[in-house]
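As written, the chains take the letters A, B and C, and residue 1 is the first residue of each chain.
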Amino acid sequence: MLLFIIRRLFFAIVLLIAVSVFTYFLFALLPTDPAALSCGIHCKPETIAANRIRLGYDKSIFEQYWLFLKGIFVGRDYGIGTAAFTCPAPSLGYSFNQHACVTSLIGETFPVTAYLSIGAFILWMMIGIGVGAIAALNKGKWQDRLATAFASVGVSLPTFYFGLLALFSIVIWFQILPFPSYESPLDNFPAFITAMILPWLVLAIISAASYTRLTRNGMLEAMNEDFVRLGVAKGLRLRVILRRYVMRQALIPIVTIAGLDFAGLLGGAIITESVFSLPGMGRMSIRAVVDSDLPVLVGTTMIAAVFIVLANVIVDIAYGFLDPRVRVS
Amino acid sequence: MKKKSIFGAIGLSIAASVLVASCGSSNSGGGPAGAPKKGGTVHILTLGEQIAHLDPQRNYTGTDMAFAVSTMHRTLTSYKYAGGDEGSEITADLATDTGTVTNEGKTWAFTLAGGGTFEDGSPITCADVAYGVSRTFATDIITDGPSYAMSYIDVADYPGPYKATADQQAAFDKAVNCVDQTVTFNLKVPVADFNYTTTLTAFSPVPKALDTGENYDMKPVSSGPYKIESYEIGKSLVLVRNDKWDQASDPLRHAYADSIVYEFGLDASVIDERMIKDAGDDQFAVSEGIQPENLQTIFEDDAFKNRRVDYLDPFVTYTNVNVKSVPCLDVRKAVYLALDRDALRKAGGGPYTGDYADGFIKPALAADYAKSKMLEGLNEDGTPNVEAAKAAMEAAKTSCPEVAQHAADGLVYPYPDTPVWAKAIAIWIESQAKAGITIKGEAVEASKYWPTVMAPDAVYDLARGGWAPDWLNASTVIPELFATSGGFNLTHNDADPDYAEFQTAVDAAKVNLDRAAQGKQWQELNQFVVDRLWALPGTFVKAQSIWGSKVGNAYQWGPYGSFNFGELSINS
Amino acid sequence: MRNHDSEPVLSVQNLQVSFTTDDGVVRAVDGVSFDVYAGETVCIVGESGSGKSVMAGSILRLNNSSTATTTGKILLGGVDVLSADESVVRGLRGSEVAMIFQDPMSALNPYYTVGDQIAEAYLVHHPEVSKKDARQVVLQMMIKVGIPSPEKRIDEYPHQFSGGMRQRIVIAIALINSPRLLIADEPTTALDVTVQAQILDLMMDLQKEFGMTILLITHDLGVVAEVAQDVIVMYAGRIVEQSDVEAIFHAPTHPYAWGLLGSVSSYGASKRGDLFTISGSPPSLISLPEGCAFHPRCVHSLGSGSRCQSEKPVLRPVGNNGSRSACHLADEVLVSIGTGTGAR
């Protein structure tokens, strides 16, 4: 087991290096010139050249990457003369668009994304599995049909329009909730909840749909298993059978997918963050793309990659834990 | 001034001017009449993720300048705090007056009135003004700002204060020198309207001890009635009262609201819906720019009549013609006559996007604007006059057959590779074809568009253009766009035999200290260009804004085409 | 021969089970009645789809209640399973009546150790027993069913066991509460031939030790010959013949039973020298043939217009050895087999 984890962590580090290299070199191939981008119509060639030096793009791509790697361990200096400053280690660079070190930008935006993801995740697992279980237990009845309808509508709902609709109806038209304005839960917990409840619900309802389907089908499949029949033949109560026999089996694929979905969210719930104006990491990375803000782009991509790699490891371990048949010895 | 929108649509813009009768509305304030009250919180809703630059020396965007000037960055001179024509007049802010000019326009002096303080309580000194201007020269840190100081101030090889040697700094201190509280600017060239230049926040004071270079953008030191309480990009900027600001020291600002909150990163349709609904705190909100699909709702319903405005912003769009490669007025006439301006405007969103321009100087430059006499045969409704265009092409075959052939073979038109422009180019190609003119569109990656067409070896016959004056004097329009020394001349018009005459007239106008006479000169020069079609006027861009029912003093401040944010008040 | 003074352990009376499917109503069990007495081993034989597994499932009410309709009576120690409360039936399951399923590979819950699963079966009916004590009971049971080194294997998972060993675990689960009746649904079919005999021997040994009654469902007539006292032959959801084991092999009264026995080379053919097969395939349970469901495949059928095609034969005593048969021509068949003039 230890060896397994070490091996996976080693693989994770290799992958992260690959992701950062890939992001760097892909960026170099983009047609957009970041030095010209902020320069506008007054852009004289010398201004662009100065800007390129300021942003560090005058250096070769290899040197840029080396400085980036070095910055992670020893920090990085920026500016000139009396206006010099440092982004301390672990430095992922400095965003000239947002006037801040990338590490601190991620430190500010990541918690927002994390709160959004965790809350939505808990809700959607509860809704998805709950509705799916009700459907499975009432197969063919109205509850099942309603749940199936929920699943197929939910899956096909575009997050953007559903989010806007929720925002328009609940906040603007009926004013059940104030306009979401993000506050840290550590500063103002009630305001945090008020701001998050709608995005949580929107994300949860949309994501829950596929889990409803997974749970329902997984349970129905499990219910046909011989071992479930044996469980009934043992004289076990329905509750016990559902928990120890049916759910146990139906949850395994769900855990895998949920882990990856959750990790994907941690990399940035872009659309939800945009619709609800949450200052999260997803929106920041989109802005970085638009602004050609390479340091932020690399930073957020790496954080997203970290979570996806981490989620894969956790899912693998959890899988072994949940299913003795694939348990590693 | 620079407009973000310059990269985008034909005429998407977020600015304002109510100077013009054609606007239809002279509404210069929301809410009931009477003196605005103090107190309350004004909200500004925006889809932007941040203020482009709050660093005064880097701030160069209409709305952002209107915001910063009126709330936290005082300048030597300023436009009057009023809507309408009055708002286009300059007046003293930190200085005692609008400056003293000597040395035939090459020396300008301003004396600080005194009493002004920064938010830390320290007095604003002449040295702070000089230091602020000096930052402009540090182009490796202070990016994106206007470069007028560098063009005008008589100092060579000054790299800005961060890495200047003692000698370099001494040279700058000589060019911009302080005696007591009088700052004197020694200029390389005569600048008749330098006191307009000093309305830019690039001439705002910065206390040297508190300068943080690159990071000053996030927490600039306020010299105005408000200061930053918190600024989180992507979330909000909260301004609260600067208790060190003394109203008695400030001839312009009233600072009615207790605080001003900028809400960033909102979806455009969410902003409109909130403004239309006008509930809760949104009654205290203002927003610039309205989505096309909501214009009808807002402008055809009287319920909004006291909290909406449709105005000309400072922006003009036009098409540059490369006079060197198209040295034939008949061909240029044919192109202009054949152009389906109506279709272009419709593609951009219809009449709300702008009025057909009659030149390059907007009516907002009241002293410099006069209605031009347009090309004969040009339809006023913007539709193409194919017959007249064909006739002009026929004439060209005799007057300049080579150019006519070139036009028939194909005029090269580079355009930014965006969906909006792809649509526009399609209209160009289609409408010109009817007059026998071929357009060869060449897509250029959007961020590289300007560097590409402005490169000395750029090959093109037509190129888009868009401009807004940096201050209310056509000296920032006509010379910039059409003099060879101008920063944005894409016409290669020095190939025209008439250019020498033009240049002489421009030089004369630039140094004319008689503002009224100068205005006349600009009007004539505008007509001069229109007659020769070095560029084809497009539209005087319009913009629309809406504000909450409890917002007062929501006038459009002409020079910036924007609300005067610092003057917004809350009606209880 | 069949003379029982005591009450039957299991009495099935006019059991009908039908399933509603998208294609129509499947009459899986169509009026089945029989009794099983203490200590007996009764075998139910028939082809796949003859309804024997569904019938067995309904004894413990294991069939899916949302799609299956079950009528009739199933008396277990005087309780009618079909009309009893769920809690009553649950009390019977695994304690009075235990079940063994066909495929030991899928019958065990893959997520728990075998020890857990055997203990679970014990504890559910002995809630007063501690887990520690239950473990001892489980270990004893594992020894009884012949699991080597049970101390070690008790904490292993099903996938670590071979098929034969798994079936031993299933048997351990079934027998942990010393049930009166064991229903074994093809317990050896999925196993290797060598293991089949071991499992069968184990069941018989344990039957003696526990004094159980066994209802064994199989299509393996070799097994039947070895263990059964009484044999029930099912075809298309109905009992077509019920006889003691001697009679069924020597004097079958139903052409289907005759054909079935004929199809078993190991026993029937070698004894008679001829290998008989039943031509055709079992009928669809959604649309059974009119009259005797077997008539399309029956070599003795009287042909069109006859009773065979119009009248459903009832199960009735035939001959003098207590056999019952559902063939209009039972007596004639008996004679034809007796005289050795077989079909064809």
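Heads up, the rule we're going with is that a residue touches a chain if its C-beta (ideal position, glycine included) is under 8 Å from a C-beta of that chain, and two chains touch if they have at least 3 such contacts.
Protein identities per chain, from UniProt: A, B, C = Unannotated protein.
Because the structure is predicted, anything quoted here is derived from the model rather than measured.
Participant: Go ahead and name the chain pair joined by the largest number of contacting C-beta pairs.
Facilitator: Chains joined by the most C-beta contact pairs: A-B.
Participant: Taking all protein C-alpha atoms shown, work out their mean, then name the chain whose own C-alpha mean is nearest to it.
Facilitator: Most central by this criterion: A.
Participant: What's the farthest chain from chain C (Unannotated protein) if centres are computed as the mean of the Cα atoms?
Facilitator: B
Participant: Centre to centre, by mean C-alpha position, how many angstrom separate chain B (Unannotated protein) and chain C (Unannotated protein)?
Facilitator: 92
Participant: Calculate how many whole Å lie between the centre of chain A (Unannotated protein) and the centre of chain C (Unannotated protein), each centre taken as the average of the chain's C-alpha atoms.
Facilitator: Centre-to-centre distance between chain A (Unannotated protein) and chain C (Unannotated protein): 55 Å.
Participant: Roughly how many whole angstrom separate the Cα centroids of chain A (Unannotated protein) and chain B (Unannotated protein)?
Facilitator: Averaging C-alpha atoms per chain gives centres 40 Å apart.
Participant: Across the complex, what residues on chain C (Unannotated protein) touch chain A (Unannotated protein)?
Facilitator: Spelled out, the residues of chain C (Unannotated protein) in touch with chain A (Unannotated protein) are 57, 60, 62, 66, 90-95, 98-99, 101-103, 106-112, 120-121, 124-125, 157, 159, 170, 173.
Participant: Any idea which chain A (Unannotated protein) residues touch chain B (Unannotated protein) in the complex?
Facilitator: Touch list, chain A (Unannotated protein) to chain B (Unannotated protein): 31-34, 36-45, 47-48, 50-51, 53-54, 78-85, 94, 96, 98-100, 108-109, 164, 167-168, 172-173, 175, 178-179, 181-182, 274-275, 277, 279, 283-284, 287, 292.
Participant: Show me the residue ranges of chain B (Unannotated protein) that touch chain A (Unannotated protein) in the complex, using the header's touch definition.
Facilitator: Per the stated touch rule, the residues are 2, 6-7, 49-50, 138-141, 143-144, 146-147, 161-163, 211-215, 217-218, 232-236, 263-267, 269-270, 273-274, 277, 279-282, 445-448, 450-451, 454-455, 466-467, 487-488.
Participant: Mind pulling up the chain A (Unannotated protein) residues that touch chain C (Unannotated protein) in the complex?
Facilitator: That would be residues 139-140, 225-227, 229-237, 240, 244-245, 248-249, 322-325 of chain A (Unannotated protein).
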